[in-house]
Amino acid sequence: MSETKGKIAVLTSGGDAPGMNAAIRAVVRTGISKGYEVYGVRRGYNGILNREMDLLTFHDVSEKLQHGGTFLFTARSAEFREEEGKKKAAAICKELGIETLIVIGGDGSFTGAKNLSKYGVNVIGLPGTIDLDIAYTDYTIGFDTAVNTAMEAIDRLRETSNSHERCSVVEVMGRSAGYIALWCGIANGAEQILIPEKFDNNYDKLIEEIKNNRASGMTHQIIVNAEGIGHSYGLAKKIEEATGIETRATILGHLQRGGSPTARDRVYASVMGAYAIDCIEKGKKNRLIGYKEGHVYDVDIEEAFQMTKSIDDYEYEVAGILGTRCEYK
Amino acid sequence: MSETKGKIAVLTSGGDAPGMNAAIRAVVRTGISKGYEVYGVRRGYNGILNREMDLLTFHDVSEKLQHGGTFLFTARSAEFREEEGKKKAAAICKELGIETLIVIGGDGSFTGAKNLSKYGVNVIGLPGTIDLDIAYTDYTIGFDTAVNTAMEAIDRLRETSNSHERCSVVEVMGRSAGYIALWCGIANGAEQILIPEKFDNNYDKLIEEIKNNRASGMTHQIIVNAEGIGHSYGLAKKIEEATGIETRATILGHLQRGGSPTARDRVYASVMGAYAIDCIEKGKKNRLIGYKEGHVYDVDIEEAFQMTKSIDDYEYEVAGILGTRCEYK
Amino acid sequence: MSETKGKIAVLTSGGDAPGMNAAIRAVVRTGISKGYEVYGVRRGYNGILNREMDLLTFHDVSEKLQHGGTFLFTARSAEFREEEGKKKAAAICKELGIETLIVIGGDGSFTGAKNLSKYGVNVIGLPGTIDLDIAYTDYTIGFDTAVNTAMEAIDRLRETSNSHERCSVVEVMGRSAGYIALWCGIANGAEQILIPEKFDNNYDKLIEEIKNNRASGMTHQIIVNAEGIGHSYGLAKKIEEATGIETRATILGHLQRGGSPTARDRVYASVMGAYAIDCIEKGKKNRLIGYKEGHVYDVDIEEAFQMTKSIDDYEYEVAGILGTRCEYK
Amino acid sequence: MSETKGKIAVLTSGGDAPGMNAAIRAVVRTGISKGYEVYGVRRGYNGILNREMDLLTFHDVSEKLQHGGTFLFTARSAEFREEEGKKKAAAICKELGIETLIVIGGDGSFTGAKNLSKYGVNVIGLPGTIDLDIAYTDYTIGFDTAVNTAMEAIDRLRETSNSHERCSVVEVMGRSAGYIALWCGIANGAEQILIPEKFDNNYDKLIEEIKNNRASGMTHQIIVNAEGIGHSYGLAKKIEEATGIETRATILGHLQRGGSPTARDRVYASVMGAYAIDCIEKGKKNRLIGYKEGHVYDVDIEEAFQMTKSIDDYEYEVAGILGTRCEYK
């Protein structure tokens, strides 16, 4: 095609997240419709170093939208982590005529992108992680699906905990961030929520509250424990020993990463994918795409790394009021 | 209880929406925890006129969070619609010592609330409708669940449409607004989306595009049709006759109103329910609670009625680019 | 491959059903593992007439098991319905060296297969229909998924019907058979179940019972109406007019055909697919595969067409006792 | 009610299973409709010893059918396990005029029932366990739901395993029986299935096959491991060390016990509940209800304990052929 506006490559990197396929599809279809050639890179940054990439057509991304995972595969790349690797990747992009690289991933992947940009590759980032732990954006692809998956699992746990009148400790993902745990805590009406941002390691108080809840008539209790706190099996044992209430632990694990994306993950991933192409159309360089205050937006990648964000204090307070009976007997 | 801070009543009105139970629960538990007595009114405004209400305890709202519908029931009230009815309702509230009435419903219910407030009852509104068609807020309780329910149904339709290589017209709810249709359109990768805000009744163009899509290799196509456009059976017939492609219509109907609420509907409904009590604590009068730019907020009820909102043009544009192949063969 | 044991072709025909992909996969993988070449025919019998078929590998059927629909597509063939068409199809099979044709479909597809067998093609049938209306087998691929899909939709309808205290008429698929309706009736605790095998068109009695139920305290009611009875919108109107109870109709439609198959549909379809190859291994000719009394079995195609089956009377009786309150006030 | 035919009590015992509520509902409604008084006993056999039981009405079991768990709660009873406990329980039944006790539970609960019957209480058992490990019946309440729950979780795991090209070891419930694991193995297309009935502890062979699979092009693999084998974390580590393929373990845990029952669990539990009352009507004593060869039936409790059953060899063989590529490269 002589009339192409240029070559764009897209890859997914780091942990996979439901909605990544929707984002890739939007990049490809919008890119093509605006006159670009779009290449799909396999296995993250490795795929550049290994030149594993193909020109994608409108049809190649059919029937992808509704599936979890990433059809481009994802991986972590030891070679790319080195400065030499980034230099080599940039050289390959240049050689192949790839002007812009769209990276769908989390903080680690964006650090790589930022450094790659120093070698002259224009990088555009889309936030893809179930953990929601990216400062510049209120939304990350996969969080909504992961929360709903975990919530449905905990709904099930509540039913059996209720039948047996026991405590259940359930560990949800989130790495060092407590967003999934907080949301599940509210959505599942958890009696206790332990998140790294707030939990003070006061297990005595925790056990006291569990006892008080039981004394005030709660026959079963759900304790949502964030991955960042961990040690769920030990915690269950500690609770059972201290309270005499039968207690079981479940670590939900990787199933939280899979599954058909929710409407929100599909819609926002699609919008951000299209928006990434629009940024390229406008000649923008080295931007991260995100949602801020309800709207899609883009921010300079260097600036984005200066930002911080934290757990919503009001949500945390509400979770405490709604879940725990003991304070207002 | 001598130390009560006052009496609050809560009701659900208009069409039910998943998450209403979560909102009631949050009102009741937060209300109790802050020192109020909270009464649950049954069957909307009728319940005031008929004095159908009970003092609710912390326990009465257990195991409600995860269920669709509203355990307080909902109804439309002919008597309350009259000025006399509102006067009577206000008198009953006064007689029973109910200072604040929390109304969970849509635009129609809020009109009732606004008028009731003129007779001296403090009213607080929470947006409860799957249609998202309330101007002052970016979020309404039930929308997220309804969209996901419709989306999952359309995912199923796509599979069978694909196997048979046919067109499917699927009608989703939303009354005169196209929000559900637009979101499903993007989330399901619909080839066509017909919404009242945008569709120009140019059926010839629609049919031309369906033909072009088929000619360019799309073996099956999904047309999401908003309730506000309607006539889905007729549309399917028209498409089949004009294109020769086998076409079937499905009207999803009331199942879109039911089902266990999504995490977002549970979390936002819980936060807004708690926030309503906080407004009362702060002495606020006649406010509507909503989400604006990602945050819970409250607005004067009169002011709220001056606001307008519309379909997101960018989302609509993205939907068109991602769904239709014919433009860029 | 010189050592091949022969060529087998597989196709899906008639209405699609969740689990068809699992059956195809089992045919292909078992076939290959036992030394056959297996061809996938596209678009039912048309695919033979048009020579649309490909040799399938172990890998070609990866990631198909969990998806509804049929990746071989399905269609009805006017040409094949004629005797000339069958003669031509048999000639093509002979020319291409296809000794056995495995047909996954319903009664109509098996009639075609039976007649094709007279021209010397060995045919093996697998029951693929959501309607369960095949006499020789207790199980048909897709029924279990369709019932669960309909049941979940009706669970949603019950929630909103309950909130509004209304009647809901819900029409489920099944063509002229009432199996899906009866199962949903029991599974959803329907107050009324109308199926072609049993309903005597006594609408006066139906309306009387609905009134009695309401009088005895049932605030909402679900009437499951089989496709074979139909006229759901009219029925809803009739009920509303005669009882004064607000009544809404929903026709679930084609979404009942789609969706990821249940465990049972995947397991039984897999077992029957493998069993089909075993029949070929044993030199069996013109057999239909099915489940009888809990076990997979095969029966001569001519014999199968002599069999009859009917609704389980005990299940129907139980449905009546569990659903209707009016008899034992 | 002077005209009562007698008093029946119903309880759930042992591990809870989805569908138990459907069974209780059917017992209560059929019992009432046939003229009995039906008492719901709370917390298994403890509820008799503690006289925790209530007369149930038709309405008391409304809106229970669709929920997992057991609204009568369940527990294990140390006191009842002793001979003295059984004697006491029988005396209480006699004192209260309870002629028949319906027990919904597993093998352990039936042993208790059998021994209780020796003290003159008529016992009727319904098989309630997700494990399917009761010899006299082909179906147990909860198995179908548990398998589908596990299957959906493993579908999710496959998506993320695929994206990362890793192995996943997933442990499913079943106590010492491999039924859930075998069914998930087939339904999820697992590359390996480890069940107590078949696995010979030959981990070297297992690892060899995993290597062969990878060598033949399988980028990701699912190993379904039965609870009866266990040690999933250790197994994952062993595989990773021996093969160099990144491997993760997930123990699905108690979430497999919860969740809204599938159609089959609701229908079969309802039919068996009704059938239990019919047995009482016919004057039958000390019977267990089950499904055999597709039909509901009853068997003498002593006889039932003589029966044995085992994994379906053909299903196991099919699972092996469909899942493992290495044998026929």
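All chains are identified by letter, namely A, B, C and D, in their written order; residue positions are counted from 1 within each chain.
Definition applied: a contact is a pair of C-beta atoms (placed from the backbone, for glycine too) under 8 Å apart; a residue touches a chain by one contact, two chains touch by 3 or more.
Bear in mind the structure is a predicted one, so any value in this text is a computation, not a measurement.
With respect to chain B, maximal separation of chain centres occurs for D (centres as means of Cα atoms). The distance from the centre of chain B to the centre of chain C, each centre being the mean of the chain's C-alpha atoms, comes to 35 Å. Chain geometry summary: the mean Cα position of chain C and that of chain D are 27 Å apart. We define each chain's centre as the mean of its Cα atoms; on that basis chain A and chain C are separated by 39 Å. Of all residues in chain C, those that touch two or more other chains are 155, 158, 162. In terms of which chains touch, the assembly is arranged as a closed ring, every chain touching its two neighbours and no others. Every pair of chains meeting the contact definition is listed here: A-B, A-D, B-C, C-D. Residues 12, 16, 18, 20, 43, 67-70, 73-75, 149, 153-165, 168, 219, 248-259 of chain C are the ones that touch chain B when the two sit in their complex. Across the interface of their complex, chain D is touched by residues 25-26, 29-30, 32-33, 58-59, 63, 65-66, 138, 144, 147-148, 151, 155, 158, 162, 183-184, 186-189, 217, 260, 262-264, 266-267, 270-271, 274-275, 292-296, 314-315, 318, 321-322, 325, 327-328 of chain C.
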